[in-house]
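Both complexes shown next keep chain A, but they swap its partner, so chain B is in the first and chain C is in the second.
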Partner chain A sequence: MVGTRLPRGTTARVVLASSRNAWADLAATFTPLTWTLGWLGRIVAQVIFYALIGSLLGSPDRMRYLYIGAAVVATAMETLLVVSTSTRERYSGTLPLLVASPSRLWPVFLGRSVQWLPSGVATATVALFAIGPAFGVRFTLSSGFAAFGVLVLVAITTYGYGLALAALVLRFMRLRNWATNLSYTVMMLICGVTVPLSFWPVWLQGAAQVFPLTHTLHVIRLLEGGTGDSLTILTSLGLAVLTSLGWYGVAAFLLERLATAGRRRGSIEFAES
Partner chain B sequence: MQYGRAVGSAVAVVGLRREFGGRRGQPVVTALKDVNLQIPEGEIHGLLGPNGAGKTTLCKILSTVLLPTRGSVEICGYDVESETAAVRRLIGIVFGGERGLYTRLTARGNLEFWASLYGLSGTQSQRRVGQLLERLGLDQRADTRVETFSRGMKQRLHLARGLIGDPRVLILDEPTTGMDPVAAQEFRTLVTSLQTEGRTILVTTHDMAEAEAICDRVTLIDHGSVLATERPSTLGRWITRYARVRASGLLPAQVAPVTAALSGLDGVATVHEVAEGTLLVDTAADGAAPAVMRLLLDLGITDVATTRPDLAEVYLRVIGNRGMRVDR
Partner chain C sequence: MTLIIAPPTRLESALAYLNGLLAGSEREVRELRRSPDRLMALVTAPLLTLVFLAIMLQAGREDLAPFAVLAPALLVLWQMALQTSGDTVESERENGSLEALVVAPAPFPAVITGRIAAVTTVSMLGFVESWLVAALVFGVRVEIYHPWVFVGAVLATAYATAGSAMALAALFVRTRAARAFQNTLTYPFYILGGIIVPVSYLPDWLEPATRLVFLSWSSDLMRSSLDAGPVQGVALHLVMIVLLGTLGGVVGGVLVRRALAEVRQTGTIGHA
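Take a look at the complex of A and B:
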């Protein structure tokens, strides 16, 4: 009798094997030098651009606010590259092979784009801690370590949202660029990146709560300003984790639906163009 | 691998129909119409047909990436629709060309990735990957990125990937596309060697020589319907009645009267002058070819030859000439 259950530990092995694919992608895309001079330089320039807008407004507080927002959102932005990386599975013809394999889809995609997490954290770390002081952004040693940990959380939690978006785009490929850009713009606008959350109407503030970035960015601002109490910080981090878990769940559901709906509709092609 | 059921055929397709569209006013397109196909264990079976014939749709259903609209499809006794998980452990899929590989990974990395999806543990994976790399002649380049591989090497890696789960049924979708003749021949030898292990192989191809060289039986498919399933040699015999006769060495003055005489014979379909002094006669009835040859000899033309139809001609006759009836 052919068994239908895969051995215990298969899911973890798939995630790990898929993540090797992710590192191979990163190694093929960047050398340490091109990452530093090209990618990091570009992101830091973007962060400084936003800070200079604050400077032009003549307010050190606004400059600091914009700088932190732009630096932290760089992690989220980089993490959202999961959408682009995931859709490659369609273009490279591996999606039907993944669907036809005995494993499930979600562990593959969970590991497939993890290269962007450390890359995104490293980018924001350099921006916040190495260049930030020149724009008035200062952390104490302990708050700096804590902020670094929160940056890691920004990457992990946003990755869940990005995966859900990737699953949606894999099903509706025409949304590929539109969905990523819209997501990025919405996050920039309503998650407290460039404009304080309190600026928006209550319903929009409520909508912003579904983005883990809203909560993690809030915590980094509290840590930088030295104004947050432990309860507020832990509550915000808890909300970030909870919303993120929700997105991971949505991603897993949509990815498995991608396979089942694709089988029914015939949308999983052997050859994509 | 053991089976828990009495298995008659490795692949059993009964009354298979697949339709697309039909939603929001879209027209319904029928890709497969009441297809029946039985492939016994250990057979190399060719699937031939023009683009849009339904070959890929059939392969997708067998591969569990597409559901049938109607009918049943079983792989080694397991239903592709209701026992998908079991079917997926029994099949391997191999594409042709660049599709289906992670080119930034090494050959070993690719195989280890797919091994994890088939539930192989670390040790099992290392052993299986090592065996496949050696068997397919990739062990010397195992740790090189796939993007640097030649087409032939990529195709061998495709085959290794398809074999990672030790499948009983291997589905090859135009596996030698774009390969040079030497690499394609090597690949066919590899495929043939898999048959000795009792694996069943379904290969779709446009290459008639390939089908003739490696297939035990061939199914011709067009417009979603199976036209015929036969041994390659049998398909060839079918159209000996439509044999071609080539007459060469005609003087310019002979061409017109000989053409007229040949055209008047019963069973002659067409007569063309394909080169100066060379006529090609297509026949369309049993016994027409000998009559053509007799007439040519009577007219003093002795440089005459008949050609045995290969699968390409079968293909063209049965599918290319839509008006021609084929007795089954």
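Take a look at the complex of A and C:
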């Protein structure tokens, strides 16, 4: 039962109902203590791990670059957990019920994993603003607020990509963890997380443009360095939103196809296709 | 007629242990074949090699390429051991088969050791992958100047990994949050183990902690074996790796037995 004034049968109501599931899932996965000591601690250790490479290189600039990249990619990484929680619906045997329900499938999955958005933003926020200064990462008050806003955008835009990946992986369940981890590592490699895009050949720089993270991370670096002009920042944010909308579209298309093909072939149970 | 069940002789116990060990390895090999997740670390290792190498090359530090190539291989070792020790217990618990495994005549620690030994052997492929990817993608050939030291370090590290995984399995038998621990025990250990950045770069107050992590000795020795200069303290490093691994294995074995005795008594091993 969804306690909301939203009219029955609307997409927004389905998304909201599904998001209740997401929050319940988060509460079942973590307590505030396990989230802080376990999850946040692990992410911060990961960020520090990469920043330390900067100290090995003997370059404070490299350390700062790596720290920012690793902190921001943590938001993206956490958002990609949408793949894991979406595919769990199939493992739990609830996917056939969702397909049989009068609602379309994409709004359900859109709301199903939103718990990772605030969680991802929170971990990167702690890493960037609370621990970052120890690694030379500094924001002014205004650029800090702006960077926080961009972190929220990192989460929302990457969620679109993650959702499309989840929709694809729902057909190839055994590959779900490979898809998440490979995606995340490719992002680390080519999206300007650990080395500037210019390090890579042009074709790879082009491929990096399809990831919203490439554009949002660029903006956070500009804000931290205090070097970005409004036009560059807005263009990058616009590109992030555009690519993300593309991914949301792909996700909705693939999810609806999954439902239609599954109904037709009766293959939606625990089977793989 | 009175039936007397004699306690097993030492030979019988050893044979039962060996049987359990072999059964565990066989089971793990089957598991590795049919569940791609178990090979995840080996799938991401080549990409991580590129990530680390790109950082070094972009900074113009080709001299640090051996650090970048070695790190993913060590990551694979640790990740796969961590995953196996956690998943072994957790998946059996989820299946409801943990109880059956515990009451079976084959000693449970032997089965776990067999599984861990099998996965540790497979995870050695991480070294091959890293070296190959570095050569094929960036044309970076990392030379092993002291092959015997390197081989010794790899074997000792494999042994210590298996021993530590046993200690982890003991932890996972007791907890219902094995997967959460699996996540938490990654990056802090990569830092303390000096997997890519030698522990000498860490603050002094952290050093005692790093010396309790066998990976810090392993990574030091392996890096030295890739350096043209003479390797210092080979024996000390090898002894420390083996010692810490043995300590993990023994403590883990005792803890697993104790945990099993306890959960048998309280009846809390499975879904209860």
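The rule we apply is simple: the second predicted complex is superposed on the first by the 259 of 273 C-alpha atoms of A that agree within 3 Å, B and C clash if a C-alpha of one lies under 4 Å from a C-alpha of the other, contacts with A are read in each partner's own complex, and residues count from 1 in each chain.
As a convention for this text, contacts are C-beta pairs under 8 Å (C-beta built on N, C-alpha and C of every residue); 3 or more make two chains touch, one makes a residue touch a chain.
Being a predicted model, the structure only gives us computed values, none of them experimental.
Chemist: Applying the touch criterion given at the start, work out whether A:P7 contacts chain B, chain C, both or neither, answering first, second, both or neither.
Modeler: first
Chemist: After lining up the shared chain so the two structures overlap, which partner does A:N21 touch, if you call chain B first and chain C second: first, second, both or neither?
Modeler: A:N21 contacts chain B only, not chain C.
Chemist: Please work out whether A:G93 is in contact with chain B alone, chain C alone, both, or neither, and reply first, second, both or neither.
Modeler: After superposing on A, A:G93 lies in contact with chain B but is clear of chain C.
Chemist: In the overlaid three-chain picture, which partner chain does A:W39 touch, first (chain B) or second (chain C), both, or neither?
Modeler: In the superposition, A:W39 touches chain C alone.
Chemist: Between chain B and chain C, whom does A:P102 touch in the aligned arrangement: first, second, both, or neither?
Modeler: first
Chemist: Just chain B (first), just chain C (second), both, or neither: which does A:G266 touch?
Modeler: In the superposition, A:G266 contacts chain B only.
Chemist: In their complex, what parts of chain C are in touch with chain A?
Modeler: 35-37, 40, 43-44, 47-48, 50-52, 54-59, 61, 64, 67, 177, 180-181, 183-184, 186-188, 190-191, 196-198, 201-202
Chemist: Which chain B residues qualify as touching chain A in the complex?
Modeler: Touch residues, chain B against chain A: 1-5, 18, 20, 56-57, 59-60, 63-67, 76, 78, 83, 85-86, 88-91, 93, 95, 98-105, 109, 112-119, 121-122, 145, 147, 161, 165, 173.
Chemist: If you look only at chain A, which of its residues touch chain B in the complex?
Modeler: By the definition above, chain A touches chain B via 1-7, 9-10, 13-14, 16-18, 20-21, 24-25, 27-28, 92-94, 96-103, 108, 262-264, 266, 268, 270-271.
Chemist: Note which residues of chain A are touching chain C in the complex, please.
Modeler: Going by the criterion above, the answer is residues 34, 37-39, 41-42, 45-46, 48-49, 52-53, 55-57, 59, 62, 66, 174-175, 177-178, 181-182, 185-186, 188-189, 194-196, 199.
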